[in-house]
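First chain written, first letter: the chains are A, B, C and D, and each begins at residue 1.
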């Protein structure tokens, strides 16, 4: 099973979850996360969002994050999918799914991968609003989210 | 949308995830969990598992757990499905899905609901192994898992 | 005073009953006292490891009070999920 | 000594370039020194808030050393996920 995909196309969370646990009777837990484009009232309605990335580095950064998760928790299978290109509100951006024998490892590894992805994977979002287009600023809370994994 | 279901029938995680975020452009995050029957080598191969529950109390206990989660985190939609009856290894037992504006609330509420469900919802598992049937003992780690939410 | 009493999982199996309706004996005012009284007929209620109880579908402690018409349940620690 | 330099997102927009190939000037041995030197032509490299860099597709600090053929990238803090 391919662990990391960076793609323009949409993905099917149900199919990914099914594949993660298929034919693995030792997997008792599947934790997963789907990130979506928010309309985000803060800066006015977001009409669309374009995700730019660094081809080549992106896949490598995501693979390294998965390796780190495997070193920290007893996990079985991992799947990370991140889209790029132009996406509309409510469209899917990212999928992270992790299976393990017991739920705590699956939850922790899934959230760890999301937290690291948010600060280490080279993606950049540009929002289109009625007032124009703007690059999204990095959130300080994303840096702080890493502190708990130190 | 119905928040809690206790049912014999299987469920479709992909359809549940899609319904959780449908038509909600403020939902940026969907955290979800699927629990599966493990073959569990500890006590010999599990051939099947039968889940007994306390009809009436089960639904009420799950609804109360969801209410507590809503009091603690900024979450949008919640879905909890728990099956009963006879299930085979690798079959789905439980689904918990939570949406929120930002990922931390969705992850925390989803894991909180699973931790509380494990110790507060009246379900009991009986495993069938080649050596006979046995009721599954409660795990001390499930009680300990609650400490972090105190 | 009448109570409905339910038993689940290993407790039900050990006792050989899933439910019974009983007249609450005088002087039995708490779930803990009911457990002791029923334990005279159903030894498993006294020997079960970490027995749990609910009154009217709410988990409760042994000092929970009883009232006419209550539904009381005895069961082992839960193992769902 | 030749380097490939990449720019992304707001940094790329400000500079008006996505990539360029440069001859590494003598005396420039770190990513930080390269930033200073390129900043003479591309002011955004000096003014960008929290500029980040990668060498050969690995995030790096400003003291990271440079070698012939390296791919160096400059970009703002990432905002994926």
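We adopt the following convention: a residue touches a chain if its C-beta (ideal position, glycine included) is under 8 Å from a C-beta of that chain, and two chains touch if they have at least 3 such contacts.
As the structure is a prediction and not an experimental result, all values here were calculated from the model.
Engineer: Return the chain whose centre of C-alpha atoms lies at maximal distance from the corresponding centre of subunit D.
Structural biologist: Centre of mass proxy via C-alpha means gives C as farthest from subunit D.
Engineer: If you average the CA atoms of subunit A and of subunit D, how far apart do the two points sit, in angstrom?
Structural biologist: Centre separation, subunit A to subunit D: 26 Å.
Engineer: From the mean C-alpha coordinate of subunit A to that of subunit C, what's the distance rounded to whole Å?
Structural biologist: Chain centres of subunit A and subunit C, defined by C-alpha means, are spaced 48 Å apart.
Engineer: Cα centroid separation between subunit B and subunit C, in whole Å?
Structural biologist: Going by mean C-alpha positions, subunit B sits 26 Å from subunit C.
Engineer: Which residue numbers or ranges of subunit C touch two or more of the other chains?
Structural biologist: Residues 81.
Engineer: Which residues of subunit B are in contact with two or more other chains?
Structural biologist: Residues 35, 103, 114 of subunit B each touch two or more of the other chains.
Engineer: According to the definition already given, which pairs of chains are in contact?
Structural biologist: The complete list of chain pairs in contact reads A-B, A-D, B-C.
Engineer: Inside the complex, what are the residues of subunit D that reach subunit A?
Structural biologist: Contacts found on subunit D: 6, 8-10, 13, 50, 54, 57-59, 73, 75-81.
Engineer: Where on subunit A does subunit B make contact in their complex?
Structural biologist: 12-15, 17-18, 21, 23-41, 89-90, 101, 103-104, 106-107, 110-111, 114, 141, 145
Engineer: Could you please specify the touching residues of subunit B with respect to subunit C in the complex?
Structural biologist: 35, 51-54, 56-57, 60-61, 82, 93-94, 114, 117-126, 135-139
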